[in-house]
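Chain IDs A, B and C follow the sequence of writing; residue 1 opens each chain.
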Amino acid sequence: MTISDKAKTLLSEFSGPLEKSTTISKIWIFFLVLLIAWGMVGLYYQVRYGHVVTGMRDHVVWGIFIANFIFFIGISYAGAVISGVLHLLKIEWRKPFIRIAELITVIATIIGPVFILLCVGRLDRLHHLIIYPRLQSPITWDVLAISTYLMGSILLLYLALIRDFAIYRDSPELKVPNWQRKWYRWLALGFRNTPEQNRRIEISMQLLAIMIIPLAIIVHSVLSWIFGMTLRPGWHSTIFGPYFVLAAIYSGTGVLIIAMWVFRKIYKLDEYIQDKHFTYVGYMLLVLAAGYGYFTFSEYLTHWYGSEHWDMEVLHKLFNWEEYGGLFLFANLGGIVLPMLIVAIPSLRKPGWITFGSAVMVLAMWVKRYLIIVPTLETPLLPIQDTRVEFVYYSITWVEWSLTIGGLATFLLLFTLASKFVTIIPVAEMSETKAESVHLKMETT
Amino acid sequence: MRSKFIYRYIVLLGCLVLSLTFLKSQDEGVEMMRSRLSLTVIQKDDNKIDLQADFRVRKERSYERMAGVPVIFLISRDSINEEIGEALTNEDGAAILEIEAADWIAVDTQTITFIATYEGNDSISPSDRDATVMRANLALEGLELDSAQKQVQLTLIGTEDGTMKPVASAEVNLYLKRLFSNYKVGSAETDDDGIALVDFPSDFSGDRDGNLDLIAMVEDHDLFSTVRTARKLEWGQKIEEGEQELPPGLWSTDAPMWMLITFIVLMGTVWGHYIVIVLNLFKIKKEGKILTS
Amino acid sequence: MENRKQTESRDQSARRDFIKIGLGTLAAASCGGGLCSCKGKQEKDTIELLSPEGEVIEVPAHHVKHVHKTVGVSREEARKGIPGRKFVMVIDLGRCKNARNCITACQKMHHLPEDKEWISVLLMKDSEEASPYWFPKTCFHCDNPPCVKVCPVDATFKRSDGLVLIDTERCIGCKFCMAACPYSTRVFNWDEPEQPEEIQALDYSPETSVPSKIGTVEKCDFCPDMARMGKLPDCVTACPNGVFYFGDENEDVVTNGSETVRFSELIRDKSGYRYMEDLGTEPRVYYLPPRDRLFPWERGLDDLSDDIKDRFKDVLEDI
């Protein structure tokens, strides 16, 4: 297959991480492996001694594992939305970071469910989900929706990669070990850039782009219904579906911005991921922050105004400095106000600031998930009395922290390893771009 | 057979729990524990007699039941005591022995004296109790006055001057047998003909055939001790098995049809498309092979 | 072994059996409940038992076997429910003084450790001016059970006789049912259950809920194993004040062991109600309002250990 000059230039520019690892990246990987090993120690304890090693107890039956689960599924929206919506709208500026987004989707959708598994008391009986299925349970919906979503995301990522794999395969300049090239050859599926093959990929991607959006919405709605379908204050809310969906798109966009910034920094991609891209995504962030803020306001205002006894119990905990007041304030200031301000004020609308805002927002969104889970579970309809004192409040144990950090490290490690196997910029797609940046780049070389 | 087996276990367990409770107090002092027996003679309508001895042991301030205690029953005739048999107390502390009236009591006997005794042991004092009764019989009959009103007629006859005659002014209780206990429907006093009438409500449910188990008893009577009769009457509302099934809901084992269809359609659509896409991938591979070869 | 000879009377062989099983049997409760009088705590290898004759026998501890009170039906059978029954409970709040005998009886029945309760007694105060009262809480065995709705593997199920039971051999321990239950009834085995080996070796039945299994959910089961024998659940019989009435709604009769009353009349005459009727869960447990009280509520605090008293610390501050 003949490779265009544009693609050749692009490949030579981004092939660095594929060909050799820098010392820093080796240290980074080693560090992540250490964190994962720490997580494994936590896992060992949990499997060996039971869930007693976590902070979860009869009242707070779910803790940060579920918060992590929602969080990861949330950030998986990055790819779904960017590649789905922007692909359908044929927005050219999506191209430089589309792969980052799709990688986030696939990896986060793999890591997320691991956290729900950590909440399951009998992992040895997981097959019961298949042999005794009950379709009425939101957990079954979740299992079906997430596996379908994961399959779709993998297909979408792979379809976009086929052309790149073909380029890697047919570029003798690319200095990669033989086994790696073999993989490229196998994964490229004999793609020869014929119109017929291109048409097939185009059609498939179009189909997936259409499907991935409703799928993503379903996944997060179903996830919210795990909470919304119960009769608990703070959960039993009709807006939980759209609220979760929007929160997910929002946090997904935040993680995408962080990833864009990090890769731009590490791989010096300033030519491709430009300031204007940050501004564009920043505008998206602003709209999403406004929407998310609106939902948040609507949710709490309704509960507060109606002031039903149980709703108020939860609200009192959220507005009480001695309980969750600080976290709640942070979740709203950092999660809504700060990103909006940064994007709204022209002098702050810079990649650095936007990334900073996104980072704070992503953290705030994690806190928000925690605030959805724990205070509600600490406020059952019947007062918590006549139960072991240590059952009353939830506190995160070291096992839960180490597994959380281990999960995050796994996410980062998979991302790092992926960036060593495929170029972080879609070479084939970029080489078809009319964007001036590529021309500029070519002229300068 | 199995229920018998289970029952034995319960008796044993009860016995041991109680025994151990007792042992604990034993540790504190070696003094003898006082026991107490009470004896009820239950005359049944099938010419059988239940001798029921309730055994209690004094523990701290109260008398407690004890299981597994052997109680010997005797009959006293012409100042001669003859052993009838022995029974162990159950977990309610009652030792029950059923005897055939004809085996022990001649038809013309005026009064009969039964004795229940516990021999005692190193830690529990012996005790005994006697009860003197006259033969009596209670008959139960259902009267349907009209479709709405039902009455139970209870006829009590007892020994008087060597023959059985109606007994007046005796209180008779009517019970309905239910799963865990007997429900007292009502009570009435017998008239000169030995007849007592008790109204019976028509809104009780029976078994599948509408049968109700009725029990009538004269209890703790001065002369007769307890006289009992039981009878099945078709007076209850029928319980239909079908009605027992709860209506299907979100909580039932099988999903509602609409949900199943929605899922099949949704999943079928999405995975169907996935299959189309994967097939496309295979076609790409095939085309690639043709090109290279 | 002396007493063995003594027992050789008329009914020899049967009696022998009795003793044999007697020796091999020990109320499991004795290990946790402090009923066992191990002769001098230092000699733990023998245990004193009382023979059916009321005599003390010393047995080596390893001969002692824990036996469950009942034998449960198979897991398949346990899903069906007892034909024609519809179990119902009525709790008379006017009679409860937090004696907690229901809790300990339940623990004994199900071989639960001392600090794991399937029944709890809450101190409730409905409004500012209202007088506090003790509120015993079992599983409500709802007719529209939110817990059963959400189970992904059909491990917890609703039976035709009204009971909501759990098959802990199928439960995957996702705890969704615990989150869904509005009454916080369910408990989880966070670690390996503390139960004697003999109990753990028993065949599991959802009707006995014994033995407990790590990583699974369990709760009050209304003792259907006892009901099959026509016996009341242990919490009912253990209550010194007759707080709990239990029975079959089809028979329209409930009993607390000493009184037997018509269910419909009891509910009508004493204004029986279901807790949080507005949730639509349709519980099978009815409450009678705390009127005509047998005890002032303060009496409920009298004989509590400090540990238990601590559990009511917060609510007592509010009162």
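By our rule, a contact is a pair of C-beta atoms (placed from the backbone, for glycine too) under 8 Å apart; a residue touches a chain by one contact, two chains touch by 3 or more.
Quick caveat, the model's predicted, so the values are computed rather than measured.
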item: Chain pair with the higher count of C-beta pairs in contact (B-C, A-B); value: B-C
item: Chain at maximum distance from subunit A, centres defined as averaged CA atoms; value: B
item: Most centrally placed chain, judged by C-alpha centres; value: C
item: Centre-of-Cα separation between subunit C and subunit A, whole angstrom; value: 46
item: Whole-Å gap separating subunit A and subunit B, where each centre is the average of the chain's CA atoms; value: 63
item: Chain centre separation in whole Å, for subunit C relative to subunit B (CA means); value: 20
item: Where subunit A touches two or more other chains at once, by residue number; value: 134, 136
item: Subunit C residues counted as touching two or more neighbouring chains; value: 149, 154
item: Where subunit B touches two or more other chains at once, by residue number; value: 250-253
item: Residues of subunit B that touch subunit C when the two form their complex; value: 2-3, 5-10, 12-13, 15-24, 26-27, 66, 68-70, 86, 88, 121-124, 176, 178-184, 203-205, 207-208, 239, 241, 244-246, 249-253
item: Partner subunit A, residues of subunit B touching it in the complex; value: 250-253, 255-256, 259-260, 263, 267, 270-271, 273-274, 276-278, 280-281, 283-289, 291-292
item: Contact footprint of subunit B on subunit C as seen in their complex; value: 10-11, 18, 21-22, 25-27, 29-30, 34-37, 48-56, 67, 69-71, 81, 83-86, 143-145, 148-149, 154, 157-158, 160-161, 227, 229-232, 246-248, 250-253, 255, 257, 260-262
item: Residues of subunit A touching subunit B in the complex; value: 134-136, 144, 148, 151-152, 155, 159, 162, 188-192, 194, 196-197, 200-201, 203-204, 207-208, 211, 215
item: Complex contacts: residues of subunit A adjacent to subunit C; value: 49-52, 56-59, 61-62, 119-122, 125-126, 128-129, 132-134, 136-140, 143, 226-227, 229-232, 377, 380-389
